[in-house]
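Take a look at the structures listed below.
Both of the next two complexes hold subunit A, though its partner changes from subunit B to subunit C.
The block that comes next holds the complex of A and B.
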């Protein structure tokens, strides 16, 4: 049986300790710069904080995975190399990498440290995954959220590395690592700067009638009615008017979160080695609740008991959840 | 019959304003001590705030008779109760029920989830709000209990009573 490792998010040292205490097998985190895909204001770790985090995690038999999962712009690779050097010096257990150049640097410089291929690399075929394994020694691939469980099972049989899948959290299904929608409006890149809808460009406006508009770089993304559940201010989750429709509609995706709690047994059976919880930008409260819930569920399944699955819908975007492509190729 | 029922709207507004100002005066000594103590005990908060440690935040607990004006400047931290009809300038505004705000400060509730449910409103400079949220979320322990502890046993008793009342209300709301 697959171990079903729980890979949990941490945006701050306090969140990391919360995740470890709640039963994380590993915690992923990043530095306070563009080397990771959650380069949000006030979030992430200084080198000193990461040193303390690694010590704490290791003392509780948890691992620390350092996200270096953005793409260096031309001529700026030194920031990513320096981050890898610091992570190696501080004893992280693995690097989560998307860019081949970063992977190549780590593979050559720190051959004893594991490389996990980030979802940002969007490697979804056995051929692509094998390429990363053969050339950079990748030990684990985080699969894009566009594959069904039978497809995952099939891929597992054809690759020489572990599989990690997302099981909870933000559900963004643009070709991961390729989305330039934020770049289009703000000039900042999700993939190179690590910022999807940078907070400095986001504005929420409450109107006198109780409705609320969200805007990115001055462009309206959505307007929520009184009491209507809201979502993140991202272009892909925006609601738009078009000439051929009378009402505003979600052109790309709806505000909804992934929740695969009820599919855990099938994922384990399909050979998924590790389960990832999204949400480094979320609070300790979220980390505590979600990690505890999935720790209990995975432990139940591994012990042959029916999984006790906590209701987490209150923590989901738009207070809606989906099994997405894992359950069916058409999930709208 | 309520004693204010006989007042015309202008008179009622004057009475409300006077009540609000009196409330501000009463809570102000506590607020000043709270912000100094939190700043002294958790200096890492200022690093996460970055340039926004010089910003002003208006925090609006909707059911209280006043709003709160926070300037987390490490050199001169200020936390003031202000009447709603004359709030000072702020870069960012955060609005919600008092106990929700307290639970967010203590990481007993998730800010994004409160935003999704529309229980929490933010406006103004979103980056300032995000930085404040992340800075407070990195604080270990309970800021609410530290604040209540300034008043000793009575403060802790009041906090416990508020929490019980809020929990009962929330459970009643869910059952309704």
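The block that comes next holds the complex of A and C.
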């Protein structure tokens, strides 16, 4: 049976301790630079902080996965190599990587440390996954959020590594690692700088009629009426107009978050080895409540007890939820 | 001498439009190499695949080398099969756009497409060791990284390509946004993407055109235009300059780029000619100059 490992976000040392104490089997985190895909101000770890984090996690039998999952632009590869060297020295349990050059370096230099293939590598077929397994010894693939459960079940039978899927949190719309939308509008790259719709480029503008628009680098991403709560201007969650429709609409997706609580038993049965909770940018209290609730649910399901799914569904209260591509092909 | 190439058509143009398009390209365009094949959506391929042998023959008779490009997204059985068949080909060079194609092609010669994320010298060195002979760099790469990547690739004996004209691919998704805009899903899309020869324009809520939807792909509203930068690109080691097909006179576009490469047309005149050919589409070169991709930076001389 799938161990149903819970892989939890650690944006800060405090969040890491919280996640570990709430029952995370593993936490994932990154350094304070472009080497990880959540290179946001105020987030991530110094090498000293990571050393403390590894010690705390290991004392609770929890693992630390280091995200080195961006793509180094030519001329800057040394920063990623140095991050891998530091991670190895501090005893991380696995590297989460996307770039073939970074994967090759780690596979050659640290053959005893596990490599997990980041969702940023966008490996969505057995052939792509096997390529990374055979060439870099990848032990686990984090699947893109674009597959149905029957498709995941079928991939499982054709690959030699573990599968990790997202179960909760922000719902990325574009194939990860192939999106330059942020760079197009702001000049900062998701792939090369680890930045997505950066807060430094965000502004909310109140208009005379009481409406408010949210902007990214001067581009209006959405507009909200007086009674509406203004959302964060993520490009793929904005409203746009097209010639054949009269009103602005969510061209890519509504501002929903992913919650696969109800599908958890099915995902465990499909052989998913580990479940990733998104949210390195989230608060300690968020991490505590989400990790504890999923810990209880996974333990119940694995013990054959009915899980209290209602608690998990309530976690996103006030925000719309989706099961995305996992439940039905019609999502596509 | 740098080569001028034509990338694969990103849009769902009808079979007839494609036949006419490639007939003119074959006979009149000063291009060295042409990439063919459906890269964006596997559902479209059956519409134009029957014409492929004739198109290849026509282009080759016109003195163009033909390279066949693979799908950027490989998830479904038919996408896996299409990729498998393409990478089995020995008759033509192939360009791989998804790691699914690398597994079976391993150690045999191939090109790396712009969707493969060849961002740096380490990745390019790895790819070269597995049979890559040519690499098209990601469209968002800035000049100083292009230079480092190109020099590393040339030392390994690889060709290096950069997109210098046409809308940039900014994202791909499993979901079809063309179908969504018409209240449909990908499985029952009824090929609504054929309505928009250059993608469906998306404007911001305050009326500013910003993106283009092309099925599962999101493109830039602006045409990437690195006409003034061709000299620097070539000096930095870029061996192939890629034009992406737009619904404009691509023969004339190719002639302008050719003339600039040959030193036969002054930059200012070339820029004005290209401007005239491209209607209302804004030009951008921000990615190259390390600023927001949509921006156009006048070349400082």
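What we mean here is this: the second predicted complex is superposed on the first by the 311 of 332 C-alpha atoms of A that agree within 3 Å, B and C clash if a C-alpha of one lies under 4 Å from a C-alpha of the other, contacts with A are read in each partner's own complex, and residues count from 1 in each chain.
Keep this in mind: a contact is a pair of C-beta atoms (placed from the backbone, for glycine too) under 8 Å apart; a residue touches a chain by one contact, two chains touch by 3 or more.
Not measured: the values here are computed from a predicted model.
S.K.: Once the structures are superposed on A, label A:40 by its partner contacts, choosing first (subunit B), second (subunit C), both or neither.
M.R.: first
S.K.: In the overlaid three-chain picture, which partner chain does A:321 touch, first (subunit B) or second (subunit C), both, or neither?
M.R.: Neither: A:321 stays clear of subunit B and subunit C.
S.K.: Report for A:2: first if it touches subunit B alone, second if subunit C alone, otherwise both or neither.
M.R.: The answer is neither, since A:2 touches no partner chain.
S.K.: If you stack the two complexes on chain A, which partner ends up touching A:217: first (subunit B), second (subunit C), both, or neither?
M.R.: second
S.K.: So which one touches more of the residues on subunit A, subunit B or subunit C?
M.R.: Of subunit B and subunit C, more residues of subunit A lie in contact with C.
S.K.: Considering only touches as defined above, state whether A:72 meets subunit B (first), subunit C (second), both or neither.
M.R.: Second partner only, subunit C.
S.K.: Under the stated touch criterion, which partner chain does A:234 make contact with: subunit B (first), subunit C (second), both, or neither?
M.R.: neither
S.K.: Could you tell me which stretches of subunit A are touched by subunit B in one complex and by subunit C in the other?
M.R.: none
S.K.: Show which residues of subunit A lie in contact with subunit B when the two form their complex.
M.R.: 11-15, 17, 40-43, 198-200, 202-206, 212, 224, 227-232, 255, 281-286, 288-289, 314-319
S.K.: In their shared complex, at which residues does subunit C touch subunit A?
M.R.: Interface residues on the subunit C side: 72-75, 79-80, 83-84, 98-104, 106, 115, 117, 119-127, 130, 138-142, 144-149, 152, 168-177, 180-182, 185-187, 200-208, 210-211, 213, 218, 220, 286-287, 290-295.
S.K.: Tell me, which parts of subunit B touch subunit A in their complex?
M.R.: So the residues of subunit B in touch with subunit A come to 48-50, 104, 107-113, 115-118, 121-123, 125-127, 129-135, 137-140.
S.K.: Please name which positions on subunit A make contact with subunit C in the complex.
M.R.: 71-77, 98-102, 104-105, 121-128, 130-132, 134-135, 144, 146-147, 151, 173-175, 177-181, 183-187, 189, 191-192, 213, 217, 219-223, 236, 238-245, 248-249, 251-253, 325, 329-332
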